[in-house]
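The structure's right below; bear with me while I get my questions together.
Going in written order, the chains are labelled A, B and C, and every chain counts its residues from 1.
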Amino acid sequence: MSTETERHERGRLAPVVDWMENLSEAAYAYLLLIPAFGLLTLIAFYPMISTFWMSLLEDQTRGAETLGGFVGLENYIGILTGDARLARQFLDVQLTGSFPFFELGVGFFQQALFVTLSFAILNVIFTTLIGFGQALVLDKDFRGRRWVRVAVIIPWAVPIVIQGMIFYLMFQPTVGFGADVMNALGLFSATPLASSQDSFFILLIADVWKTSAFMALLILAGLQSVDRSLYDVAKVSGASTWQRFKLITFPLALPAVLVAMLFRTMDAMRVYGLIESTAGCTTVPSMTCMVIEGMFGGTRIYGTAAAVAFMTAAIIGVFISIYIVKFRGQEGGVY
Amino acid sequence: MARVTLDGVTKRYEDVTAVDDMNLDIGDGEFVTFVGPSGCGKSTTMETIAGLTIPTEGEIYIGDREVTKLPPKDRGIAMVFQNIALFPHMDVYDNISFGLRIRNYEKSEIDRRVEEAAEIVQLGGMMDRMPEEMSGGQRQRVAIARALVREPDVFLMDEPLANLDAKLRVHMRTELQRLHRRLDTTIIYVTHDQAEAMTMSDRIAVINAGKLQQIAPPLTCYNEPANQFVAGFIGSPSMNFVEAEVAGGRLEAENFHVEFDPSTTDGIAPGDRVVLGVRPEDIYLERTAEGIEYATELINARTDVLEPMGNEVFVYLVTGNDTETSMDVAAGEASDDQLLMNVDPDTQIEAEEDVSVILDRSRIHLFDAETGDALRHGLIDVASAESGTPERGVGDSD
Amino acid sequence: MATETETTQTQAERDQSDDSGPFQRWVSGSISEPGRAYRPMFWLVTVFFLVTTLFPFYWLFMVALTPEGQLQNVVFTPNGFNPGVFIEIFQILPFHRYMFNSFVIATVTTAFVLVVASLAGYVFGRLRFPGKNPLMLLVLLVSFFPPAAFFIPLNDLFNTNFDILEPVLSNGSLYNTPYALVIPMSALFMPLAIFILTTFYSQIPDGLEDAARVEGTTRLGALFRVIIPLSAPGVATAGVLTFIGVYNEFFFSFLMTDGQPQNWAPVLQGILGFQGQYQTLYNAMAAASIVAVLPMAILVVVAQEKIVSGLTAGGLKE
């Protein structure tokens, strides 16, 4: 019939191609999603469910089997009451009769929940402020902007192990000057990397240094999508630099800032590599640290480890929900 | 080259029926235009022919082959799109040769065809330009050339001129006609612009609300519209419509009447409601009217707004006693006491002037007030009966 | 609004003038007349950011140059001068092999993620089908979980010997093979790539896809010949982010191999490798870190414009 159709060389794949072409839109959509969801099922969904199941099983520290019988939420209760067989507790708080009605079983910076939450919150606050500042600088047109931008972004491209190394060396009394300087100022002890509190702040500085760049990148992208003519309108109507920032830049960049904060929060709550390569998980226990300890600590408390992993995810989920509820009110909310 | 046949094609989405039982038979080498208001289903109909949309029901044939479920690539069609849809990451040569390269044609064959197509649309020497460096008209030529090189059985054109400026649009119109004459390929053309449809097509398919209203040569659609929708859609400015009642030898409108013998027409009985349609050029000022063989009685009216176009003047008339300017007239809304008349530019006429007008009876259309179906075109047989001469039946084209 | 701002300004002025030194006077003067202060302030801030971001690198370089055993109080200059360390790191350990491993793993992962995420991004960005939003949320869910939550079952899985894999892998298990890193990291970085690509692909006009199909491509052909090439900035952004992410990743890199270079241990293990049982070669670790950061620095220099514009056009608008 059509010369064109005959011309079209039909290989062995032709039946497959024809079959795909004739699928309905929905069937075609599901077909193309198979690779992505296949991978996610194997690597994420299946392990998630499997981890959840493990978290309901008893720790089995002896014998050939790695896990014992079904114990329900016992592992979770153990974690939350400070009775888990871990070197550091997830949460260890007792209620008391007098003000402030609770007391800490061990130090604040030795409880994984507090460490992780305060790390995430302080981290997000500082990186947002600094990242916003950096983004504002990078948003300006000036000679050498390209190189300033590269310089500001580079820490973000540094492998975590190297980031940890830099700050480890800096505060290692035999190598770096950091420990001496801070000790002289009376802020840190002589060996800060052995102190939970000092190490916490070293980690915070190290992470703010690296991840501000990521914030700056996302906020900069937000700033650059602001219509430049709005600034001209504001200038013509006599707005000062500060007013322009308050009335135009900030509100329009806010969605981008919130998205960036969301990503940062999720990431900061999962902190592990940085701790592992500086102070170590015993000094500063994060939630992920405890999962690793439970699994590789030699104590074979797999049920507890799985419960901690799931708790971590649940707490991150709570934070995400807060963001998403907030986003609802924002124009151009996430996804 | 091929015939295109649509047999009961229907496309339903979840809650809307975009195309409703479409039956079309388009001849080999014919230039057929789908015309209708936006959202009427004309583009969806074309998409089903292209294979970009699979119909819910019905069959489509190109040539003798059923293609209802074939993917677009296997249908032997080429298409020009409304937004031109040139690939912005390819230069002119790559754009034009895209389809040939996909099909693994020989390089020499590709070059030959590209050169020939470029010559037809006058694009010589622009082969390495990028689409962004070209004007709207040039881009449109590239899009047409891209369709041409494929030497398709059927050309589909989906509002190809919609994004061009008015002057270029008129120019491209003539070029497309020339092109059709030269290629003699079946062309299906979609537009919402009735002027484009009128000027280029062998036949027009008027579509509304997913349904085919009429398919006929342009002048048939103009002179003998199948229903009130076609009558109102084809022709610019639109036909005037006035509701009337059939009563005792005349059509009784609100502010005037026209002599009419209901017994001369099937399906009309005294007491029926009908819609009387008359085009602006078929209304004449009584004082300048000449050579109107079959005229109605005088109708009194008052002029409202004049729109001098240079070659003609549009006069908005308000009939009846209540000659106050109504906002409806200004808004271009048709209403029973308003008529739009078209007069020569040198006619002495002013706004807010009382005038008498007549209608050309041979050019009056009657439509069923409920269904909108045409009842008859031209009332001259009635007029002859009135004036005593035997019925001649001329112009009674039903 | 204006009055509000003025009040804050006068308030600030009053605070400043309490104990006004020359700097405070300059500040308060600048606040009442912002234009004058703006340029020096701007440069001050810029220099501050440059110093804080770059100083750690400079210091690391100084540590690397300091000969082993003299690492006391290195601040602005090295304690001695030993550039040879940049050669030594390749002699003490096959550090180039670790770098090579990381590159292979990052490249393969990026390529794989881009292909799979392109299909998913095309589906989410351009097709209509029931269950679209729930499936999209499911993808997002993956990024909630700490990698640790996946790890225990994955570790079991990768240490299990599969007989069918015997012909391909020496002992039939994935542990100590590049797949042990490529597979989990693909899953880890896929959600971000899917979101970026979804936004980009959804912005390509329908007409272009239709045109490609009428011209003779299949639906998949239209994706690869038209939609993906037109979304090049988005694909580049997703690619660079994935590559850097994989190269920098800690968790799986640390745990999925035994640290031997011939077993596809990534650069992370190389750096930690200088931490011997009895002695830690800090200068070598520093030197190795600098060498390992260099490719990323070059990538940032080359791609920064793309990344910013890629995120501007896509990631954040939706």
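To be clear about the criterion, a residue touches a chain if its C-beta (ideal position, glycine included) is under 8 Å from a C-beta of that chain, and two chains touch if they have at least 3 such contacts.
On a predicted model such as this, the values are computed, not experimentally measured, just so you know.
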Chain-level touch network, classified as line, ring, star, complete or other: complete
Chain located farthest away, centre of chain A as origin (C-alpha): B
Which of B-C and A-C has more C-beta pairs touching across its chains: A-C
Centre-of-Cα separation between chain C and chain B, whole angstrom: 59
Distance between the centres, which are taken as Cα means, of chain C and chain A, whole angstrom: 13
Residues of chain C touching at least two other chains: 216, 218-219
Sites on chain B at which at least two other chains make contact: 71, 73, 103, 150
Where chain A touches two or more other chains at once, by residue number: 8, 21
For the chain A and chain B complex, residues of the former touching the latter: 1-5, 7-9, 18, 21-22, 24
Residue ranges of chain B touching chain C (in the complex, touch as defined): 50-52, 71-73, 77-79, 81-89, 98-99, 102-103, 146, 150, 156
For the chain C and chain B complex, residues of the former touching the latter: 205, 207-208, 210-219, 221, 225-226, 229-230, 232
Residue ranges of chain B touching chain A (in the complex, touch as defined): 2, 54, 63-65, 69, 71, 73-76, 103-105, 150-153
Footprint of chain C on chain A - complex, ascending: 8, 17, 20-21, 25-26, 28-30, 32-33, 35-37, 39-40, 42-48, 50-51, 54, 133-134, 137, 140, 146, 148-162, 165-167, 169-170, 172, 174-177, 180, 209, 213, 217-218, 220-222, 224-225, 240-243, 246-247, 255-256, 259, 266, 269-270, 272-274, 276-277, 287-288, 291-292, 295, 302, 305-306, 308-310, 312-313, 316-317, 320, 332, 335
